[in-house]
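A, B, C, D, E and F are the chain letters, set down in written order, and residue numbers restart from 1 in every chain.
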Amino acid sequence: MIHHTSDVQSTKVGKDTRIWQFCVVLPQAVIGDDCNICANVLVENDVRIGHRVTVKSGVQLWDGIEIEDDVFIGPNATFSNDPFPRSRRRPAEYTRTRVRKGASIGANATILPGVTVGEHAMVAAGAVVTRDVPAYGIVVGNPARITGYVDANDTHRLQAVTHPSDSAPQPEKYKKITELAGCFVHELPKIEDPRGNLSVVEFQKDVPFEVKRCFWVYGVPGKEIRGEHAHFECHQFLMCVAGSVQLVLDDGHDRAQVSLDRPSLGVHIPPMKWGIQYKYSDDAVLIVFASHLYDANDYIRDYGTYLHHVRQLRAA
Amino acid sequence: MIHHTSDVQSTKVGKDTRIWQFCVVLPQAVIGDDCNICANVLVENDVRIGHRVTVKSGVQLWDGIEIEDDVFIGPNATFSNDPFPRSRRRPAEYTRTRVRKGASIGANATILPGVTVGEHAMVAAGAVVTRDVPAYGIVVGNPARITGYVDANDTHRLQAVTHPSDSAPQPEKYKKITELAGCFVHELPKIEDPRGNLSVVEFQKDVPFEVKRCFWVYGVPGKEIRGEHAHFECHQFLMCVAGSVQLVLDDGHDRAQVSLDRPSLGVHIPPMKWGIQYKYSDDAVLIVFASHLYDANDYIRDYGTYLHHVRQLRAA
Amino acid sequence: MIHHTSDVQSTKVGKDTRIWQFCVVLPQAVIGDDCNICANVLVENDVRIGHRVTVKSGVQLWDGIEIEDDVFIGPNATFSNDPFPRSRRRPAEYTRTRVRKGASIGANATILPGVTVGEHAMVAAGAVVTRDVPAYGIVVGNPARITGYVDANDTHRLQAVTHPSDSAPQPEKYKKITELAGCFVHELPKIEDPRGNLSVVEFQKDVPFEVKRCFWVYGVPGKEIRGEHAHFECHQFLMCVAGSVQLVLDDGHDRAQVSLDRPSLGVHIPPMKWGIQYKYSDDAVLIVFASHLYDANDYIRDYGTYLHHVRQLRAA
Amino acid sequence: MIHHTSDVQSTKVGKDTRIWQFCVVLPQAVIGDDCNICANVLVENDVRIGHRVTVKSGVQLWDGIEIEDDVFIGPNATFSNDPFPRSRRRPAEYTRTRVRKGASIGANATILPGVTVGEHAMVAAGAVVTRDVPAYGIVVGNPARITGYVDANDTHRLQAVTHPSDSAPQPEKYKKITELAGCFVHELPKIEDPRGNLSVVEFQKDVPFEVKRCFWVYGVPGKEIRGEHAHFECHQFLMCVAGSVQLVLDDGHDRAQVSLDRPSLGVHIPPMKWGIQYKYSDDAVLIVFASHLYDANDYIRDYGTYLHHVRQLRAA
Amino acid sequence: MIHHTSDVQSTKVGKDTRIWQFCVVLPQAVIGDDCNICANVLVENDVRIGHRVTVKSGVQLWDGIEIEDDVFIGPNATFSNDPFPRSRRRPAEYTRTRVRKGASIGANATILPGVTVGEHAMVAAGAVVTRDVPAYGIVVGNPARITGYVDANDTHRLQAVTHPSDSAPQPEKYKKITELAGCFVHELPKIEDPRGNLSVVEFQKDVPFEVKRCFWVYGVPGKEIRGEHAHFECHQFLMCVAGSVQLVLDDGHDRAQVSLDRPSLGVHIPPMKWGIQYKYSDDAVLIVFASHLYDANDYIRDYGTYLHHVRQLRAA
Amino acid sequence: MIHHTSDVQSTKVGKDTRIWQFCVVLPQAVIGDDCNICANVLVENDVRIGHRVTVKSGVQLWDGIEIEDDVFIGPNATFSNDPFPRSRRRPAEYTRTRVRKGASIGANATILPGVTVGEHAMVAAGAVVTRDVPAYGIVVGNPARITGYVDANDTHRLQAVTHPSDSAPQPEKYKKITELAGCFVHELPKIEDPRGNLSVVEFQKDVPFEVKRCFWVYGVPGKEIRGEHAHFECHQFLMCVAGSVQLVLDDGHDRAQVSLDRPSLGVHIPPMKWGIQYKYSDDAVLIVFASHLYDANDYIRDYGTYLHHVRQLRAA
């Protein structure tokens, strides 16, 4: 069960444990039964691994690390044993790091020296664990923070209704009227007054299509993206009358980004242009004038499909 | 009807008007019929008082002050006629201060020179009025701010029409909720989504006129009033897509107040209705669809003139 | 004692009362003994003035106003009796306004119709009083807000008892700090911990009565007063576990003010002590343990009635 | 010149002074020449009124009040002389209230006992003055706060000199912008950098005196005024390196106001110029370079004394 | 083109593809033409790699991962295929992770299972990708957030001034009375009043045990956890009277989470239930009524011990 | 000393250097003496590694990377050399990345291309380094930010010198508190006043050099570092008059950190001391008095050069 390319110097490897390609196991290491040690794993001397442990590729277990039964260690998860390392200055004793029974260390997580990861805890992929993780805790981020607990079956995140939160608006630069990726940016008149401001659109003069519908989008969490579709037939005219939003325009060939950050900007998106809105500020209200009533069949929601149609149109 | 302790030098005092103890009325003053001038009131020369006016004790009416019919002036209410007074420096001409028909000045209020208090307006006791008060407006505090409007019977504060709160179920379809003072309140469909909300107006179906112009008003300081006019011909459809604003609707006979406090309310104001917007929240954005392009001649900006036209129309 | 320039039509003017120049007193008015009515004062018919009252110049007392003994009314202080005045529209009955025994109305203050100013209360110069003022309260501003209470000698603002600041060492044990106006201030144990703080009450050991009920008060606007009552039988134990609140304690003889500004202070209010809470901070949460279930009959809500019961108890 | 309806008991009324209807003047009162005392005014005994003073109707001047020359007192403006009045409890001595030469008290203003209103100051109509008003200061509201200063001709509010906003291009070099009331406004070089900004003064090149001392002023509550003095010998150079502050400059003849609202402005105040700083923003830090070490004898703290020295210097 | 030290078991390796030292490629893997597979790479069976793909050292491609043409995968970039990995619990089917045509995965990035990285998207070095990346999107950070889009030439970031944004806590939903994990959630009466709110507990009626002790917890940093224990005998009744806190309830079998986010919620935790509080808001105050005085021996603080006791109880 | 499983093609491997299992070293690579290259390390051609360097497992050193003497590189620490990688699009020249003498790269850290990590700097485990790290700096997080500096012995985080808090008594006089790394910390007099505070420096008495220039630094983003230089001749005197800033002082031998967190602290930095300012609060304003006018030639901006000059001076 030990691949011939590996250099396993320890004799304390348990029953049914498999060790794959290019591993190194030093003589004092202890490995339990029924483990799975994937390719490219290194195990130093002062290391104890329990039973039924999985260690994925790219992991090193340094002196001072203890892994209990049923632990999972994801690929490239990284341990260390010196909290303030300098080349060739070795601490008198290595800090001990413990991973308790049933815990799971996510892919590419970093575990700082001296930390204990509790029973059945779940360290998210990419987390940088700087302090102890309680039993059943789920930790995420850099530095890792608890974001929830594992449910009774130990297979899901405990449900709690979470609400997203968002970002304050930032003004962007003033932009002149221009054409971008087949769409048209307009500066609308703005009448400033100490008693309040006013902007105006005259439909027959300013909007290059007959308006049949007006809708507005608001209360969009800052991390959401809206749009991400094209229309076969419908024209749209977008204005952000409060807050701000970023607009990506795409005609299948050119792409451009517009910051709708003041009420006097308007963007005309003709049919067969791909549009994305993102970075909505908390208070953003996006007004859209449309040339058609709502029709689900007028939407192209897949970018590949959209590109396919663009190419067909160009060929035609 | 003039108490013997008073020094009334004017002969232009109307029929049935009573003047009580210790008053002074200078020779050029004009006082209408059926007034009640309480003890300790002083009236200078360049002063005109209408009919059926009550002036309580401790009030002085200085040169340049005009009081129209049916006005009430509370005890110790104080006027002045020089905006930057210095002893023995008299301005070339006194600033004119006007209290319009039916208005009421509260006890111990202070009215700064040059101010006009509109028809049927109500100045609260102790208020310090530093700018014009619109017709039917109620003002309070130091400096005085508008806190409401008087109802059509002119005896109570106008009640805002309240609507089911934002958390209540939203109609899937456009719906006319109510008619108020000749105007129409609509509930627009609202489509809620964790990724943000969307409301919609379909022009030919939902808006009862052809939309030729759209404008939006924003950045209005909370103390400002907008609107305060009627149109001869233009229809308007108002929605407050961010924040909130109070709408006063008036057809010259009935008056009503609507709280535009969510994006899915729309109000249709037909021509020849008087409209006022006030109590803008900081983040308010008011969208207006209009049936006509801008035309200065279509505006009636004076409430007296508006009532005159309404009466003519009714007579016709 | 009545100046010859005055027009005093009432015969019910008490002994030793002086009335100065240019006053008007209508026939039904009642004025007590030993009052001082300064020049330019007007008193209507349905007015009752107690003994030893001072009314300074420029004051009018309209129908419906009652002034109890020992009241001071400053110059140009202004009353009214119609909450929504219009010329020549007289209310069926005038709102009644009361100024209780020993109260003081500052110069140029405005008192709205229907208000009661409590015993020994103090209305600051220029204040606009729009709601009742409690006994001993001091009110300031437009609109007037309570800023303090008068001390037992009724000549100064009550000083809050200050305690060692939160950063000072905290007792490990429950400790009685002081007795004030028949009530008891306790310092509760506080266990500080980087993971958060904890305070504790053990009912049988620390609270000098059996607790039958616990309630908490929160979301109190800063301008509101709560409490303002005494109990016949119920003991209360108050703690402010968040924010801060001012507590006025009164045994009918002495008065004291305590600042509940940290979670480890507790105040025991025995029965037959008058208590007031005011100056709630926005985030204040006041917890009350009570010795009895709620019983409306156990409350004394009128300060005069309370004093009456205190006197009876002392006599007994 | 004294109306027959008035009760004037004093004989110390100056030449050309007119006293109108229904006034009361007690025997010890002193009134200067050429005054105008309108109807319904009361003057007690311990009162001294200067020359050319105007007192409008409804005003009472109580024992302890001093009115200097050229003062204007608006209608129903109200004074008092007891800070904690109770009926029939008279203070041993009345608090003294002073209105300095040329000041103006607005209609219906309230002046608390013990206050001094400075030379040429302007109290707005309806203001409630609870603390001293500096010379030339304009105060507004309840409680009254300084909102500006009067200009050199004493007839208008002083306009702040505005400078190009912070977003405008900044000079690379130190630059004298303007001279105001004998003081000098400089623009200091500002080096902008995404890593933070830097401004610089080179002492021998930029500052027109040898710097012996540097002090900085911070944590000033917005309602406070600082400065209000002149120096006999000391030069000062002021910069506001955080927040903003208003600077009033006065050479005894001209007056000007400068808004120090960015770190790159510097103002040189030579000796014998009167300087005031007010409207500190919460975060304001004012740096002052001075040509002399601190010397209490170098300060002139009274504006009247300052004017006296200026006049002497000019005469010399 | 395959280095002799590598263990390449698949025969489906395309033309001109190079595989360097110490690689492992399992038999079912499919690799396209002209790829560059650097040293120390591992490729499992259910993996499909397109043409012209670069895979740098230290990368493992697990079952379920699809790499389209022209993808770049930086050194030590880490994939995984189980969103909730536990040792030796293999999901029925591996989540599929897709890297679309032309995308680039930065050095040491972490890609969570099930994610799709869109066409030409750019994952920054060190990013932790927790959700789909749209076509052309650039993602950065932990967790990775979209910070921009790639331009049409796919070589630069689309220019827009980007600002960071932050998150504020959001309240949770109202919940009806219920039983959760053997504990009981109560809605307490709340008496709302414009003068402030009041909630109440009557001990004998509302609390299902005799209360002997009350303590409150406050000043808990948001990242801290409290509780994390069970009691053998003591009942607890928890209310969060200010701010909010998350409560985890656990009976050894079921687990639930409750958001205590208003003062009128109460949770009864009977003995032998495991409770945890976390996500304290800054202003949170948690009140606890307990049925017993403090007794250290009544606490079970270790979750393993707790489970042991639960099992014993069930067996009994 | 080279393990037989490794593929080491270079001959430029220094004396006593050990290379463990499964490493790859390309022919042009240069490796110094006494290094320790752990298992699974890859070294490309254009790479230069100094003496006494430790490289832990899972690290790749790509073309363009330079590692100076005594560097420690933790396990799975990841470098890259292309800032915008796409498969098979190779940049004309690889960006160069440098790790200076004595620096330490934490486990699983990510170093972006083009970055320089300064002498003895410490990159925390899991950090994502996106910009240069100064000498002795400690960086943490994603993206990595400076959180401190290493002490003179290079083994601990530098402790900030704390001073008596703002509430402690303040000296009336200028006072030298301490000497740190050849610099001098002074307490300046602070005059507290309810109307605002004032601090003062008298130049000839308090500042130990003649001040020729004053500049101030403000608007510094919190993540920025300023200073990082020494002067040959110029003395500096630093005060933080608003907000706070951390000051690192270094004489080439000792290092110390001072927290400038109140306006009354001043620090004198003589010539030939290395100074750094960091952790600016948002509102920080740092005032600097300098003994010389600006002279670019007086600056030493490179720490290595600085140390060289210090050594020369000591030798002299």
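Keep in mind that, in the parts below, contacts are C-beta pairs under 8 Å (C-beta built on N, C-alpha and C of every residue); 3 or more make two chains touch, one makes a residue touch a chain.
What you see is a predicted model, and the numbers here were worked out from it, not measured in a lab.
Colleague: Look at interface A-B and say which pair in A-F, C-E or E-F is its repeat, using the rule that over half of the contact pairs are identical by residue number.
Modeller: Residue-number overlap above half with A-B among A-F, C-E or E-F: C-E.
Colleague: With chain centres defined as C-alpha means, what is the inter-centre distance between subunit C and subunit F in Å?
Modeller: Chain centres of subunit C and subunit F, defined by C-alpha means, are spaced 64 Å apart.
Colleague: Nearest whole angstrom, what separates the Cα centre of subunit A from the Cα centre of subunit D?
Modeller: Computed value for the inter-centroid distance: 61 Å.
Colleague: Taking the mean of the CA coordinates per chain, how far is subunit A from subunit E in Å?
Modeller: 12
Colleague: Provide the C-alpha centroid distance between subunit B and subunit E, rounded to the nearest whole angstrom.
Modeller: 58
Colleague: Could you tell me which residues belong to subunit F and also touch two or more other chains?
Modeller: In subunit F, residues 5, 22, 40, 58, 76, 108, 128, 142 touch at least two other chains, as defined above.
Colleague: What's the complete list of touching chain pairs for this entry?
Modeller: A-B, A-E, A-F, B-C, B-D, C-D, C-E, D-F, E-F
Colleague: Where on subunit A is subunit E touching in the complex?
Modeller: The touching residues are 5, 20-22, 34, 36, 38-40, 52-54, 56-58, 70-72, 74-76, 102, 104, 106-108, 119, 122, 124-128, 134-136, 140-142, 145-146, 148-149, 151-152, 154-156, 158-168, 170, 172-173, 222-223, 225, 228, 246, 248, 253-257, 259, 276, 278-279, 303.
Colleague: Which bits of subunit D are touching subunit F when the two form their complex?
Modeller: Within the complex, subunit D contacts subunit F at residues 194-205, 211-221, 224, 226, 241-243, 263, 280, 283, 285, 287, 289, 293-294.
Colleague: Any idea which subunit C residues touch subunit B in the complex?
Modeller: Residues of subunit C touching subunit B: 5, 7, 22, 24, 40, 42, 58, 60, 62, 76, 78-80, 84-89, 108, 110, 112, 128, 142-143.
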